[in-house]
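Both complexes below contain chain A, partnered by chain B and then by chain C.
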Partner chain A sequence: MQEMINRAKELLSDGTVNRVLGWRRGDMSYNPEPSYFETAEDLDANFVYNGFCGANLSKYMIEGSKLEGKTLVFLKPCDSYSFNQLIAEHRVDRDKAYIIGVGCMGKLSFEKIKEQGVKGITNITIDDANENITVETLYGEKTLAYKDCMLERCHVCKGKEHQIFDETIGESRDTKDADRFAEVEKIEAMSPEEKFAFFQNELSRCIRCNACRNVCPACSCRKCVFDSTKFDSAQKANVDSFEERMFHIIRAFHVAGRCTDCGECSRVCPQGIPLHLFNRKFIKDIDEFYGEFQAGVDPEAKSPLTSFTFNDVEPGVTGGRR
Partner chain B sequence: MFKIAKSKLPELLKAIAAQQELFLPVNNNGQVNFAAWFEGCNADIETLKTVKSPKDMFFPQSETLYTVKKEQHKLSVEPQALADQNFVAFGMKACDIQGIKVLDKVFLAEPVDTFYRARREHGTIVALACHEPEESCFCKVFGVDCAEPDADVVMWNANDTLYWKAVTDKGTALTEALSGVLENADAADEKAVETEQENIRAIVEKLPYTNLSLEGWNGNVTEEKFNSPVWEKLYKPCLACGTCTFVCPTCQCYDIKDYDTGHGIQRYRCWDSCMYSDFTMMAHGNNRTSQMQRFRQRFMHKLVYFPANNDGMYSCVGCGRCVEKCPSSLNIVKVIKAFEKEAANHE
Partner chain C sequence: MSITANEEFKPKIVAFCCNWCSYAGADLAGSSRLVYPADVKIIRVPCSCRVNPMFILHAFEKGADGVILCGCHPGDCHYSTGNYYARRRMALLFSMLDYIGVEHGRTRVEWVSAAEGVKFSQTMNEFVAKITSLGKNVRLEDLRCRK
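Right after this comes the complex of A and B.
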């Protein structure tokens, strides 16, 4: 972390960048927030980078690209896919960003920690090897395995390589220990009735807070159709059939082929809905239909869903998978 | 006072449900929210905070107000019937009950919101003292005592027992109807409740936010706070989602919309969020054009406008849901602390 602060101070003082986009220390061990820094003093006092800095800062660079001069942005390996995808969609300005690819040892989930019976957290310390975390609470101390506290997305880590950067700082660790499509396959194996029941139960918890949409780097429309006052939908109404059958499915269709699987939707959902499963189903289908494709690897690459070849499959209800 | 072994909770719930409609915290795939009871439901009274506050029971996220039907050339208007069934809200916490008191100020003041009043009149609140308060809790800051909730019935969860005390007439009526399942408590049980209360209050003293200072908020500070440069720094990480407003026990703003049913109109209201771009949209456009202004509105409402209009009552109850749920880790505590720091810098 100190290396990041030092480098940020250098780039600020030599005029390369006008500001730094990173994470600000919270008032609890687990709640740093995405934030801009403009002075060395602020960086020294408040900049933080640790396992709780899960937020993907690529999305903030849509606004960051509109600011005067360059912004130094710290991107973790998986965040860098999102940044590339935003370049492909002309939503961020590459020339406005100075990208430092930062190492990542897997990011932690407050929910996963609490699920392990932790209450009343007063302090969390992460050991140097990132193997264990020690949670001090009002009801005693607990040591938990780092792996057991990671976000879902880290268990299917896309790897240690940054897809775009000006320079890199720090080591990464490939935390993958699960099959990316295992959960999707489980759902594919269900009967249509079972699938419907599964998603109906998960989505019945949706409160239409739009956190999934607003955090999503692929959801970069300046005005979402669901925010239109002329759109006669139950957009805020939380009428059951709406989100169970429409909102999340429409969103998944809209980001298909562009979703990098950064996992922010599931990280932020206050109701713990596994929203990434929709996106991952599309990714799996795209891989099977058009050959393996990972959004955000190459901003010049044509997305299989927005390019046409005569050999394209025509999957459908009548034609089956071909 | 009465009591029942915690192992007999399913019997207690079944006995209540036999009398009245029953809503209680139910675990659905790891997430606990208030929901209607059903036989075999995964009732969870151990999880301290439901994801959403229980305000839905009195002020649902969406509800139809009236329906307009078109038949040939005639229009008919059918008002929505008011709630007329008694129900029990089981397991509400002290902060959430304080949240209902905030809603009362809004919906029971003239002109009275008849939909809300009907639900309030038909609801019996069975509260549960907070056995193990958590670090995000700061109800004491707003004068709430989570060891002694203000409700029709109060329960304490200790020693594998639920202790049950009826407080109001409604609470006594419910208690009498449950005489088949509740046991009489004795002096030792009274002592056990006292000990539990002492334990709860001792933990509350140790909570990291318990001594949060509200100095400088209440009173005539509208201009000073509204024009502060602090907002411009604070709002930046805000994603403009509605999580904080939708999990909050006191957020009361709603929108009224028409749903075209094809052969008529359903006029409904649904919770709105000041974080949303179409919030308070009017014919001339929108009076808050930036996210900074929308962000500022939420906290000005809770900490300045509401107390100014309601005898000093803040419309935050310290439940800490925003602390746990904001995707960007922003929350009302950080706002209060940022202003405190700003004030200190000026001195």
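Right after this comes the complex of A and C.
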């Protein structure tokens, strides 16, 4: 972290960049938030990078690209996919960004910590080796394994290689220990009734806060269909579940073929809905039907939904797959 | 209340038909006096590619029991490539509907040319029979839209 601050101060003072986009210390030790820094003092006092800095900063570069001069942005390996994808969509300006790829040891989930039966959390500290975390609570201290508190997305990590950077700082650790599509396959194997019940159970918790849309780097339209008062899912009706289905199918469909599977949607959901299941289903289908495709690897690559081949699978046929 | 129980189920089917092929195919079916059920409501679109996946969800929301999309045979699109894009979109959408537990068979894509009046009527007969056997769409309906 100190290395990152020092380098950021250097680049600020020699005028390479006008501002730094990083993570600001939150009011608690476990909720740092994305922020701009413009002075060395601010960096010293408030800049933070630790296991709780899960936020993907690439989306903020859409705005950053419109500001005067260059912006120094810190990107984790998975964030660099999103940045690449935004370049492909001409949403960010590569020349306006100075990218430092930062290492990642896997990111922590506050929800996962709470799930392990810890109550009254007052402070959380992470040890230097990123092996254990110490949770201070009203009822005493508790030590948890770092691995057990990681976000779902880190267990299915795409790899710790930065897709785009000007320089890199820090070490990474391989955190992948699960199959990315295992959950999707489990649902696919259910009967229609079970699937329906599963999603009804998950989606009925949706409070339509739109956090998943707002945080998604792929969801960057200026005008969004969900903001329209004429759109049928503009309000939350308590009589039926259709709205949620519609909202979530459309949200996932809008980013199909562009979603890099960064997992931000599931991270920010205040209701803990596994939103990545929708995105990953589309990714899995695209891989199966049209060949392996990872958005954000190559900004020049054509997205699966804006290209075609003469012998694509027929929709009716694929629907029958169980 | 046995009135509803005795009433025969009449499905509501929405068919999106491409102006350049299946819409004319439906015309041909009519002028050839081929029979297809009146439950099919045809919506003319300039190209199968015009059909936004949301249209299909909207149709279900407003109470459709089945939605069928008819377009030109691959390679015959009036705009050269529209139906290829539609094919990819629909493949993903149908797979997703399947995934969230909507009964398989409520949605369908069929390629029907302007000369295939027979195929049009056959397809519609088949589809209506299929939807009738599946019954009412309850999983994707918005209750507020019920009349």
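We adopt the following convention: the second predicted complex is superposed on the first by the 303 of 322 C-alpha atoms of A that agree within 3 Å, B and C clash if a C-alpha of one lies under 4 Å from a C-alpha of the other, contacts with A are read in each partner's own complex, and residues count from 1 in each chain.
Going forward, a residue touches a chain if its C-beta (ideal position, glycine included) is under 8 Å from a C-beta of that chain, and two chains touch if they have at least 3 such contacts.
Because the structure is a prediction, the values reported are computed rather than measured.
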item	value
Combined model on chain A where chain B meets chain C, clash or fit	fit
First, second, both or neither for A:Asp227, with chain B first and chain C second	first
First (chain B), second (chain C), both or neither touched by A:Ala211	first
First (chain B), second (chain C), both or neither touched by A:Gly26	first
Degrees between the directions from chain A toward chain B and toward chain C, using C-alpha centres, nearest 10	90
First, second, both or neither for A:Glu193, with chain B first and chain C second	second
Contacts of A:Ile249 with chain B and chain C, given as first, second, both or neither	second
Which of chain B and chain C A:Phe282 touches, first, second, both or neither	second
Contacts of A:Glu314 with chain B and chain C, given as first, second, both or neither	second
Shortest CA-CA distance between chain B and chain C [superposed frame, angstrom]	5
Chain B and chain C footprints on chain A, overlapping residues	232, 237, 239
Chain A-facing residues of chain C, complex	53-54, 57-58, 61, 74-75, 81, 84-85, 87-105, 107-110, 139-144
List of chain A residues in touch with chain B within their complex	26-28, 31-36, 55, 60, 110, 115, 119-122, 137-139, 201-202, 204-205, 207-211, 213-215, 223, 227, 229, 232, 234, 236-239, 267-268, 270-272
Contacting residues of chain A [partner chain C, same complex]	187-188, 190, 192-199, 225, 232, 237, 239-240, 242-243, 245-246, 249-250, 252-253, 256, 278, 281-282, 285-286, 289-290, 304-306, 308-310, 312-316, 318-321
Chain A-touching residues of chain B, taken from the complex the two chains share	28-31, 33, 48, 51-52, 61-62, 132-136, 203, 206-208, 236-237, 239-243, 245-247, 255, 257, 259-260, 268, 270-273, 276-278, 281, 323-325, 327-330, 333-334, 337
